[in-house]
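What follows is a pair of complexes built around chain A, which joins chain B in one and chain C in the other.
== the complex of A and B ==
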């Protein structure tokens, strides 16, 4: 009986994770695509030195997000991990997090009036959950330098 | 330049580095209260963004950057170049953010 209840809870969590998780992922991807189209005019330039000599104001811009996996994906990932191979659940998780972080950084730059972001760096961290287990949530930070034009009369 | 300038670039267009003051760093470790951890745990069942943790890490990062800025100002720099950020998960529910960069004195180039 106890085993049956445990199995029931497991199955319910699995179903909940699958339904809610895939719905959340679809919505998130739709929102990412929409905002990416809106922010396409802001360019990311991964070079270490800005290719300009004219004076401008440099400003650190930054975007970050923490995204968690659902229960279904976590279970599937655990199984695939035994067999080896591509873990699609993790791939979409990290991709979503990275695209979201880039978008937030771009929004930050857009709010300041920047059009290019130079020397973009990423940092990805796996956050540990309760009991120090892998929790399946990932933080991605994207940061770079937005160069903003200075008004000439304000210079010197 | 009144405010400290932070940048991931190695050189700022239109400005020259007159003095290198070495590496400056700042770090911060923070945790959320149990309630937030619990909510994040529940949210983790269905997937999606964990806003509580996003916020937590943002606050931690701001703190780390502020400490780095304070160190740079204390040694007389007016800019920190080549800034890097790194996050590490220390224990459950706590994260460390580490910010570091090169403290320099910048002078506006005259053309």
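== the complex of A and C ==
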């Protein structure tokens, strides 16, 4: 009896995780695509040094995001972890986190008036709760050096 | 010594930098999540169930070879050494007669523990030949025949080494479950279903032994039949309680049929004169019962 109640709770959490998680994912992707189009004028440059010889200022910009996994994704991943294999359920999660982190970094650069970000790097952390238990969260940080217009001093 | 290379020179020609739209579908699999869930879930559950059944069968094979003295040593530290109450002494005296009728080996002594708890309608065999009988269940007994059938059922579990078997299966299931913590409800469900299935077989064998023991002691199986018929009324009546998958015991009609089959096999009648309960236990029925629930736990 107790076991059936446990199984019922498990099935309910699974269904809730799938429905709410899928909806949240669809909405997030739509927001990401819209903001990516709006911020496309800020260019990401995959080199360590600024590809310009014009006078410019540089400043560190970064964007970070923490995304939680839904119960459905965690369950599928737990199944795959037994026998091994590609965890498709986590791929959309990590991709969203990476694109969202880039967007936030670009928003940071845009606020400073930057037009390019070079030397872009990523850092990913799997957040863990107490007693080293997995809390089902992933953090992605994107950071780089933004090129900013030179401030014209009075008298120059 | 590593020599640091000189910084790369920027090309003289202006570099053309583009940021095209992020291509979709390269880093993400197009497979539907539900398909993933069913495929991976079926594989994982299948492998787990096969492992559990194999380990369960292995535990079943090993248990009879574990020396009973090891069980007794392990159990000795858990049971308190307290003077026997009159009820406990009576129960042990009857258990000795039942064990003799069941031809229990001399190196398998049975010790009955009387537990004065009215709210628990239960009895259980434990490691090392220790059997605990709760007052709640004793209050349901109307004759010595019924009590003998009850004790014979529990003694049969000791004789068949079912307790050691269950203990080893429990360890095997716990080890397997430890590796799949995050989806434990699913795997606990499979573990319980497999264990209950093993358990139902053991219970049927214990019922058959109980019928034989009562037939040997009293000349008929009326006590075992009366026990199962009356206790059936105390079963919880929830919808989920009737699902066989969730039960550790066969249902009562099947158990009654097991007793009847033994009667036919032994050519002993199903009815006969029932022997009254020993005096020390008869008074239990008349004592005040402050417990509200009368749901049966023993089956």
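In the analysis below, the second predicted complex is superposed on the first by the 148 of 156 C-alpha atoms of A that agree within 3 Å, B and C clash if a C-alpha of one lies under 4 Å from a C-alpha of the other, contacts with A are read in each partner's own complex, and residues count from 1 in each chain.
Throughout what follows, contacts are C-beta pairs under 8 Å (C-beta built on N, C-alpha and C of every residue); 3 or more make two chains touch, one makes a residue touch a chain.
All values derive from a computational prediction rather than experimental measurement.
Participant: Evaluate whether chain B and chain C can sit on chain A together after superposition, giving fit or clash.
Facilitator: After superposition on chain A, chain B vs chain C: fit, no clash.
Participant: After lining up the shared chain so the two structures overlap, which partner does A:82 touch, if you call chain B first and chain C second: first, second, both or neither?
Facilitator: A:82 sits against chain C, while chain B stays out of touch.
Participant: In the superposed arrangement, does A:67 touch chain B (first), chain C (second), both or neither?
Facilitator: First partner only, chain B.
Participant: First (chain B), second (chain C), both or neither: which does A:49 touch?
Facilitator: both
Participant: Determine, under the contact definition given at the top, whether A:28 touches first (chain B), second (chain C), both, or neither.
Facilitator: first
Participant: Applying the touch criterion given at the start, work out whether A:109 contacts chain B, chain C, both or neither, answering first, second, both or neither.
Facilitator: neither
Participant: Which partner, chain B or chain C, touches the larger number of chain A residues?
Facilitator: The larger set of chain A residues in touch belongs to B.
Participant: Could you say whether A:9 touches chain B, chain C, both of them, or neither, answering first, second, both or neither?
Facilitator: So A:9 only meets chain C here.
Participant: Once both structures are overlaid, what angle do chain B and chain C make about chain A, taking C-alpha centres and a multiple of 10 degrees?
Facilitator: 110
Participant: With the two structures laid over each other on chain A, which partner does A:139 touch: chain B (first), chain C (second), both, or neither?
Facilitator: A:139 sits against chain B, while chain C stays out of touch.
Participant: In Å, how small is the closest CA gap from chain B to chain C once the two complexes are overlaid?
Facilitator: Between chain B and chain C, the shortest C-alpha distance works out to 9 Å.
Participant: Output the chain A positions appearing in both contact lists, the one against chain B and the one against chain C.
Facilitator: On chain A, the residues that contact chain B in one structure and chain C in the other are 49, 52-53, 73.
Participant: Touching chain C in the complex: which residues of chain A?
Facilitator: Chain A reaches chain C through residues 1, 3-4, 6-7, 9-10, 18, 22, 36-37, 40, 42-45, 49, 51-53, 72-76, 78-80, 82-83, 85-86, 88-89, 91-92, 94-95, 99, 116, 134.
Participant: Where on chain B does chain A make contact in their complex?
Facilitator: Spelled out, the residues of chain B in touch with chain A are 5-15, 37, 40-41, 43-50, 53-54, 57-58, 61, 65, 83-89, 91-93, 95, 108-110.
Participant: Can you tell me which positions in chain C touch chain A when the two form their complex?
Facilitator: Result: residues 7-8, 10, 15, 17-19, 21-22, 27-29, 31, 33-34, 36-37, 40-41, 43-44, 47-48, 179-180, 182-183, 185-186, 188-189, 192, 236, 238, 240-241, 243, 246 of chain C touch chain A.
Participant: Which residues of chain A touch chain B in the complex?
Facilitator: For this pair, the touching residues of chain A are 13, 16-17, 20-21, 24-25, 28, 48-50, 52-56, 58-60, 62, 64-71, 73, 100, 118-121, 123, 125-132, 135-137, 139, 141, 143-145, 147, 155-156.
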